[in-house]
Amino acid sequence: MRSRLALRTVALGYLALLLILPIGLIFFRTFEDGLGPVWDALTNPDTIHALWLTILITLIAVPANTVFGVAAALMLVRQRFPGRSVLNAVIDLPFALSPIVVGLALILVYGRTGWLGGWLNANGIQVIFALPGMVLATIFVSLPFVVREVVPVLREIGTEQDEAAWTLGASPFATFRRVTLPAIRWGITYGVVLTTARALGEFGAVSVVSGKLAGRTETLTLRVENEFQRFDLVGAYTASVVLAILALVVVLAMNLFRRETDGDRGAARQQAVR
Amino acid sequence: MPQKAAPGGLPLGRSFATAYLGLIVLIPLAAVAWRSTEGGAGGFWRAISSPAAVSSLKLTFVCSLVVVAINAVTGTLIAWVLVRDSFRGKAIVNSLIDLPFALPTIVAGLTLLALYGPKGPIGINVAYTRAAIILALLFVTLPFVVRSVQPVLLELDREMEEAAASLGASSLSIFRRIVLPNLMPAILSGVALAFARSIGEFGSVILISGNIPFQTEVASVHIFSQIESDDVTGAAAVSVLLLVISFVSLLAIDTFRKWGSKHEE
Amino acid sequence: MIRRITLICTLGLAALLVVVAAGCGGNASGSGDGDSSLTLVAYSTPQEAYEEIIPAFQKTSAGQNVDFEQSYASSGEQSRAVEAGLPADIVAFSLEPDVTRLVDAGLVPADWAQADHDGMVTDSVVVLAVRKGNPKNIQTWDDIVQEGVEVITPNPFTSGGARWNLMAAYGAQIKQGKSEEEAVDFLRQVLEHTAVQDKSARESLQTFTGGKGDVLIAYENEAITAQQKGEELDYVVPDETILIENPVAVTEEASEQAQAFVDFLQGPEAQKIFGEKGYRPVDDEVLGQFDYPQPSGLFTIKDVGGWDAVMTKFFDRDTGLVAKIEADLGVSTESG
């Protein structure tokens, strides 16, 4: 059908201009001068450290947010308490906040003259401009995703199975482990993937609280900025490519798990209908 | 007999979640709110009503509204094509949709600048204009409407469409009268997400927009400039305003979602 | 089947990245097994210079076994970061008020400027950077406010470099014998012609080399750095321009080695490296080894009132002259 072709053309054209061309250009510009400069950029110790730091921060932030996410989802779906929708909105707030505001907020609390900063400083604990501060910023911005993915699944599956287990004498923890957790596992996994994507790519908030100490508190995204500013375009594009590849890996995982989650939800819905 | 706590609702979990949320999110935000009051109500008002602040907020909202309007159309279109059409490479295109979500904002800004800036290879140069702001925002909000609409489209029962077609209705009116109402909650939900993301966007916009106060300076850049000029109180005030607006938008998302799930029955 | 392959590839790639990164994760530049460590927090432009100077220092007896941590970002951001708690032993900023902020916060001793050369470590001048070949034939300050000329200069409320630029423009007018009113009006014209206001000087250089604008008001050393990196631009040293003086200071918490490093910075070896990278050495003898043009109408910030007075008169967000100009132009900052 003609209109089908037209629709397809418009959609693909839009995507080509907005998405495919820009990504293609990064890869092109990176390898424009051959593999040598790229290899040099990749093996730069500061860049390697930045990659490692990015991954380390992600490895801390993601499990923390996962545990929180499951606990909060259970709270939101299965318990009634006043202010439940407000809590729901607060959990989603990090999604919408400007990273500058996040950085400002953390400095106001943990900075030298901040609420907790004075005490921390006096006791020799460095939070801001060090790893803990960067982890906090990353946790902040990637907070909502596990919650948001687990909540709909929890709603779908209801509490019948849990109640059944309970009346059979299982403890709350065993119920959780044997009944609830397996049922929501794809929701959790998909949420973890989203959280990881967000954590790996964080720039703005971490930029404010990092101090940008090369080889110490510089993440890979900050490295991109630094290289770009020093006219080391190959270095900037190489680091961008590494980040883009990490992003692609996460994206592939997302799609893998999304199909599972939709499958789970579809099955649950069909079961409810019957 | 079932205990007082609902099944699966560990009391320990509840305290942990609350404490975690409090420490990570609420306390820092409270610090911002507190700091914004340092100049009193007058200082707060002055900061958010200053010509540059007002201008940046207006620009931010106008751009965000334009962006979500475009996204409502293109997002639905792309979702439609991905669900109802089939062509070679569809799976790859489907995977790429999520890329803007995972890509760091500075990389997004750099690549858009490289492609659509003064040294761009295809001759289009929109850098340092308002169009550039729209461009950057369109990039970062690409996945939201698409991913919101896709699952709904997938589950849509096509009987009514087929019946209407057999009665002679045109594709356009089928879409308008039958499909669209069913998609609307999902579109709105995606739009609200895209809006929330747009009003706070910083990393990609700051590279490509030019940041001229009153012309191409968005709210987040304005806040940044306040901080860099030692006006932390003013920055906190404008941040609080943005925070309130984000919060309201998010409550709206929740309402759309509830409305949407009621609609599904 | 395809799904499983994708999954395996995905996980494999991820695991590989983690292993590679973790394996090389520990040590990076400068942070080795030295006896002591110094943290240098500097503005962005002298990064190349310090990357040569620090190893040179580490070869001296004072610098042996000293590791360095370095941070480079725009001067204002760095000053603010140190104020907010970024640990630093030596701070090197682009202009004096960024050090004064730390003195007020009690982090830098008040007598830092009593050191050699008034606490300054490098000089430069404000120049007009143009496209290669100078197609619009820009030679003087008046040329940049001609019809159709686009100026690039950073945001004066976030960038120290922008402040040097605007004071150069203002002071040049005064030096030419214009009245105060005419000088301020000239500033208005410059800002009227400004097409992009980046948040830092280095970023405005990127904008210019990225193809935007006809003339960039910049530090001489920025223009030289860009040329050394292969960017195609020329620059003009106007007859009347300001002498940029970049301070360096040791913080309160720093050790004696920090002072040794600062002494080294002002010594002949480091000064020579600075000179090669485009900075004017403060050491007159070393300066003589290079052939930096001496503008006939060179003046300093003191000649236009000193930073304290200038910050209040021009750059106060509510009452400063520049704030008023920008408000009138509809290009305001934050005048309440």
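We call the chains A, B and C, going by the order they appear; numbering starts again at 1 in every chain.
As a working rule, a residue touches a chain if its C-beta (ideal position, glycine included) is under 8 Å from a C-beta of that chain, and two chains touch if they have at least 3 such contacts.
Note that the structure is predicted; figures quoted are calculated from it, not measured.
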- Considering only which chains touch which, label the overall pattern as line, ring, star, complete or other. complete
- Item | Top chain pair, ranked by how many C-beta pairs fall in contact | A-B
- Note on the structure: Cα centroid separation, chain A vs chain C, in Å, comes to 35
- Note on the structure: Chain-centre distance (mean CA atoms) for chain A and chain B, in whole Å, is 16
- Mind pulling the residue numbers of chain A that touch at least two other chains? 114, 228, 246, 252
- Note on the structure: The positions of chain B in contact with two or more other chains are 224, 227
- Query: What residues of chain C sit close enough to touch chain A in their complex?
  - Reply: 3, 6-7, 10, 13-14, 17-18, 20-22, 24-25, 27-31, 39, 41, 44, 47-48, 69-73, 81, 83-87, 105, 202-203, 206, 209, 225-226, 229-231
- Task: Flag every residue of chain B that touches chain A in the complex, lowest number first.
- Result: 2-3, 5-10, 13-14, 16-17, 20-21, 24-29, 31-32, 34-35, 74, 77-78, 80-82, 85, 87, 93-108, 110-112, 114-115, 121-122, 135, 138-139, 142, 151, 154-155, 171, 193, 196-197, 199-203, 219-220, 223-224, 227, 232, 235-236, 239, 242-243, 246-247, 249-251, 253-254
- Note on the structure: Seen from chain A, its contact residues with chain C in the complex are 45-46, 48-49, 51-53, 55-56, 107, 110-114, 117, 121, 126, 128-129, 211-216, 226, 228-231, 245-246, 249, 252-253, 256
- Using the touch rule from the top, collect the residues of chain A that touch chain B in their complex. 3-4, 7-8, 10-12, 14-15, 18-23, 25-26, 29, 64, 67-68, 70-72, 74-75, 78-79, 85, 87-102, 104-106, 108-109, 114-115, 136, 139-140, 143, 159, 162-163, 165-167, 172-173, 175-176, 179-180, 194, 197-198, 200-204, 221, 224-225, 228, 236-237, 240, 243-244, 246-248, 250-252, 254-255, 262, 266
- Of all residues in chain C, which touch chain B in the complex? 76-77, 80, 101, 155, 157-158, 194-199, 207, 210-212, 317, 326-327, 330-336
